[in-house]
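The letters A, B, C and D name the chains in turn, as written, and every chain counts its residues from 1.
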Amino acid sequence: MDLTVHIGSLTLKNPLIAASGCFGYGVEYAGIVDLASLGGVAVKGLFLAEREGHPPPRIVETPAGMLNAIGLQGIGVHRFVDEKLPELRARRATVIVNICGTTIDEYVELARILSDAEGVAALELNISCPNIKEGGITFGCSLTGTFDVVSAVRKVTRLPVIPKLTPNVTDVASFARAAEDAGADAVSLVNTFLAMVIDVETRRPKLSNIVGGLSGPAIRPIAVRMVYECRQMVKIPILGMGGIAEARDAIEFMIAGAAAVQVGTASFVDPFIWPKLIDGISQYMQRHHIERVSDLIGTIDTRTRDKQWISS
Amino acid sequence: MDLTVHIGSLTLKNPLIAASGCFGYGVEYAGIVDLASLGGVAVKGLFLAEREGHPPPRIVETPAGMLNAIGLQGIGVHRFVDEKLPELRARRATVIVNICGTTIDEYVELARILSDAEGVAALELNISCPNIKEGGITFGCSLTGTFDVVSAVRKVTRLPVIPKLTPNVTDVASFARAAEDAGADAVSLVNTFLAMVIDVETRRPKLSNIVGGLSGPAIRPIAVRMVYECRQMVKIPILGMGGIAEARDAIEFMIAGAAAVQVGTASFVDPFIWPKLIDGISQYMQRHHIERVSDLIGTIDTRTRDKQWISS
Amino acid sequence: MPIDVVADVMANRRLSSDYNVLALAAPAIAAAASPGQFVMIRPGRSHDPLLRRPFSVFEVLRDQHGAPTGISLLNKRVGVSTGLIYTAQAGERVDCLGPLGRPFSLVDPPAQAWMVAGGVGLAPFAALAEALCGRGTTAVLFYGARTAAELFYLDVFRALGVELVLTTEDGSLGEHGRIVAPLERRLSSQRTDRPVMVYACGPEGMLAATARTAARHGRACQISVERIMGCGLGGCYSCVVPMRSDDGRFHYVRSCIEGPVLAGDQIQWD
Amino acid sequence: MPIDVVADVMANRRLSSDYNVLALAAPAIAAAASPGQFVMIRPGRSHDPLLRRPFSVFEVLRDQHGAPTGISLLNKRVGVSTGLIYTAQAGERVDCLGPLGRPFSLVDPPAQAWMVAGGVGLAPFAALAEALCGRGTTAVLFYGARTAAELFYLDVFRALGVELVLTTEDGSLGEHGRIVAPLERRLSSQRTDRPVMVYACGPEGMLAATARTAARHGRACQISVERIMGCGLGGCYSCVVPMRSDDGRFHYVRSCIEGPVLAGDQIQWD
């Protein structure tokens, strides 16, 4: 059985990637998961500089989901390269670095630094963090902004460039197209949905940042639809995510058009989820006589049925 | 205690409205709910003509939500006026008619017919049904389309005109503004989120229509955020909805900025929900010494706290 | 009018690794229910699972004086909610709304009642058989399942005086094959001046075949359909079944309020 | 390394209408846990509630030979998951991940250990008291609650030889008022050459007051903080606590991996 998938020039040993911001810098999980067994590890969004992020409360649970407004607390790219990358390298993780900037120059600078560092497999451009104004969302909500930041980064790196798209737009597929046109190797989607919860007793938002990003199973059907739409618009691979909690969900994203998937919130609930997902996918492939997992990608069958009846 | 709220020239006896498409034509529920006890009854979306809608399966459950692609099966406006309106009138329901069209002329024609009919309290313009191409969504996703259809209807009716907005846009508040500029008396939001579920065993979409609209508690935090955003952009009242399942949720929408709320999916789960919601709101008002429910509207307190600590 | 009760689980009897019978304390629903009606069940209080699920009223339970105390459900575990119902323990509480929908119409002697059940499609027939036998109507149960271990409650039907015709797909009990075969043979051999009402509930393929067979033999047929139901009350239009229209086309009716029992010859099978 | 077990509920003892003690079969976690560590609990399997919830290890349960068999949790019902834990029945299963976080550091005689607990903040102190008393350390428990009926396990602490100082907000038992008052008095009267380690867990206001009081008296203080935790493993950065930086500002640390026990004088209380 062949679980490898290809993202541009990069080969992942399986389609399962730990989603950015949901797996620390990866090293936190080294005792729980064999990092080398994952298709990839997308580390927490990095700016050039260190950041403290938003005051707590930073998360709140919602029906089948959660909001977060961490505010991209982080150690900055230099400390990441010095303090975390060596261990990730030693553990043979396939490291995808999620980068955030306020200006195109910052993305370019981050890309340069990380291209020179040893052990970075790909760059995921976070142009979709809904929680901070300066987190690239202005790029992510504008087609030319998306195009410009991707092209600029494209010029300075040979690493696969993977812009991460926001779902908070009317037509996500047009953003995937802009990214493709600008030379992206793949696109990641979705980041979180802008949302809020109000404590009715105090009439105050439950998050210090007022709004936050919704993730988890609640958003899965919207995310699957978006992957499906993008699949029809672009040829580059799609890294699909949003509420994946079981092997079945990962397979659903692949059938909708994702070449690989990321798992965030569900790994909070079950940090030991990874081998379970791999097992579940393998069992499915066996049951359906699928030799290569990549044969699943985009194989949704949308023939309309005249049939009125569910079973028969 | 005063539960009345005002939507343009219309006074509702309380802020609770049965959401369109989730309460049939109202008459189906006459044996379960005293229709006159509701703030309003938004009946199922009506076209000029009868429609059969989409083949089943038409709904599928998702985590804390459901997708529907009913396809606006309906009896058409004439049969509605002849067969349903008399009973609604007799039961003294405050009837909000949800209308759908393919062209501006159809909305205008529907508005004319319903303005002449006795017992219609307001028109809700469905320009946001995600499940059928001809259901006004082309208006709902374009600012000029929204403006044009609202102004056209505005000219031919004295009934309150309430466009219902789609959440599937980048900036819902700008649509609320377009509606206000065109003379709308209020806006309803949100309609459902475009979404899909794939059966991984068959690789076919679970809905015959491939995509459907996500409703239910899953979407609530996104909907609350949208109401909050619109509140800052427009002065006209907002009818808020999306996943309301308890009195607390209804209050949350009002604090975010809704003048009234609609309840859809939750009334499937609990058709006897209405008196419970009214009780819950009344108890909350008592506990917080609030005399008029309308004093809650938009009272969210967003002062930033420097406080790092939750309680103290 | 339907009522909604928070019903105590009185007992949960496992019939197999997939089937169980759940007894719910719901006297008012039990008193009002007619054979063929259903209830909408919610086995938990969280938003996942969210919607209620439809279940036929299997038995009306009574105390020693014959007063209704509750209902039972014949449950087949196929997903989330049926899984919760399978594992429910006595003392748990379950939201139960009903009775809902149009029941079977009963026939009196000399008409015979032939019930056709596939798998969990047995559910509405315990109550129906009791009602029919109570009025002296001769009843036959054509009952097919995958295997012998999934043919349940045979003694109960026998005790009521119901004749049993059984099939299993693996041949482990009764005739080997599907249930429509013996039904077809029996319809062919039945004298046309002897009135028969066919009742059917089960997988859709079986229902279509039954309806066609009955029609071919000129027999009326009441079909209990199973559609995905959002509300059970006519509010959502999710549960529609296509019915033949006079113009040769079809129109959708809501099976929760116009059914679940529908005339087999009026359903648009395709 | 933490492990994740599907733990059987061995017993559920209700202490009041809001508090209970849940015993979970989890020998490996029990064997590995140190006082002050916590577990992440998931009482259901649906997506609502979604995330696990953090709970202190209350007691390490042992069989008659002293071998660890499981742990218990002291639970206070405040919302969805704590509600499920309150109503959990023996035989149910609960996902339990742990042990997690940095434990208390213990002190040896002649140092005394003063534990300050507010409400459910008692949770980490049963295990801590056992460990301290085991090494002969003199222990005092300052324990405040709303009312006498919410002061639990007093006998257990007494049996260990722990001195109890109690307060209730309604004056129904012990001193009337908050627990920081007697702590403050005792700190004032304690000779400075007698070493004392203050341990505290409870509402944030109480923690801040305890930390300040301890600092004012020059006593070291270990605070077990309670933050909303998404993962418990350092993955999500939800659980941060502001700690003083050398430059007079603060930086956030993740209380799940750098805590939950943190040095009181280094936390930025504001």
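Everything below uses one rule, namely that a residue touches a chain if its C-beta (ideal position, glycine included) is under 8 Å from a C-beta of that chain, and two chains touch if they have at least 3 such contacts.
This is a predicted model, so every value here is computed, not measured.
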| item | value |
| --- | --- |
| Third chains touching both subunit D and subunit A | B, C |
| Separation of subunit A from subunit C, taking each centre as the mean of its C-alpha atoms, in whole Å | 47 |
| Between subunit A and subunit B, centroid-to-centroid distance (C-alpha), Å | 33 |
| Between subunit B and subunit C, centroid-to-centroid distance (C-alpha), Å | 36 |
| Residue list for subunit A, restricted to those that touch at least two other chains | 55-57, 63-65, 216-218, 306-310 |
| Subunit D: positions in contact with at least two other chains | 47-49, 227-228, 242 |
| Chain contact topology (line, ring, star, complete or other) | complete |
| For the subunit A and subunit B complex, residues of the former touching the latter | 55-57, 62-65, 67, 141, 168-170, 193-198, 200, 202-205, 208, 210-211, 214, 216-222, 224-225, 228, 243, 248, 251-252, 255-256, 284, 299-310 |
| Subunit A residues touching subunit C - in the complex, by the definition given at the top | 63-64, 217, 306-312 |
| Footprint of subunit A on subunit D - complex, ascending | 1-2, 4, 42, 47-52, 95, 97, 227-228, 230-231, 233-240, 242, 250-252, 257 |
| For the subunit D and subunit B complex, residues of the former touching the latter | 47-48, 203-205, 208, 227-228, 241-242, 268-270 |
| Parts of subunit D lying in touch with subunit C, wherever the complex brings them together | 44, 46-49, 80, 89 |
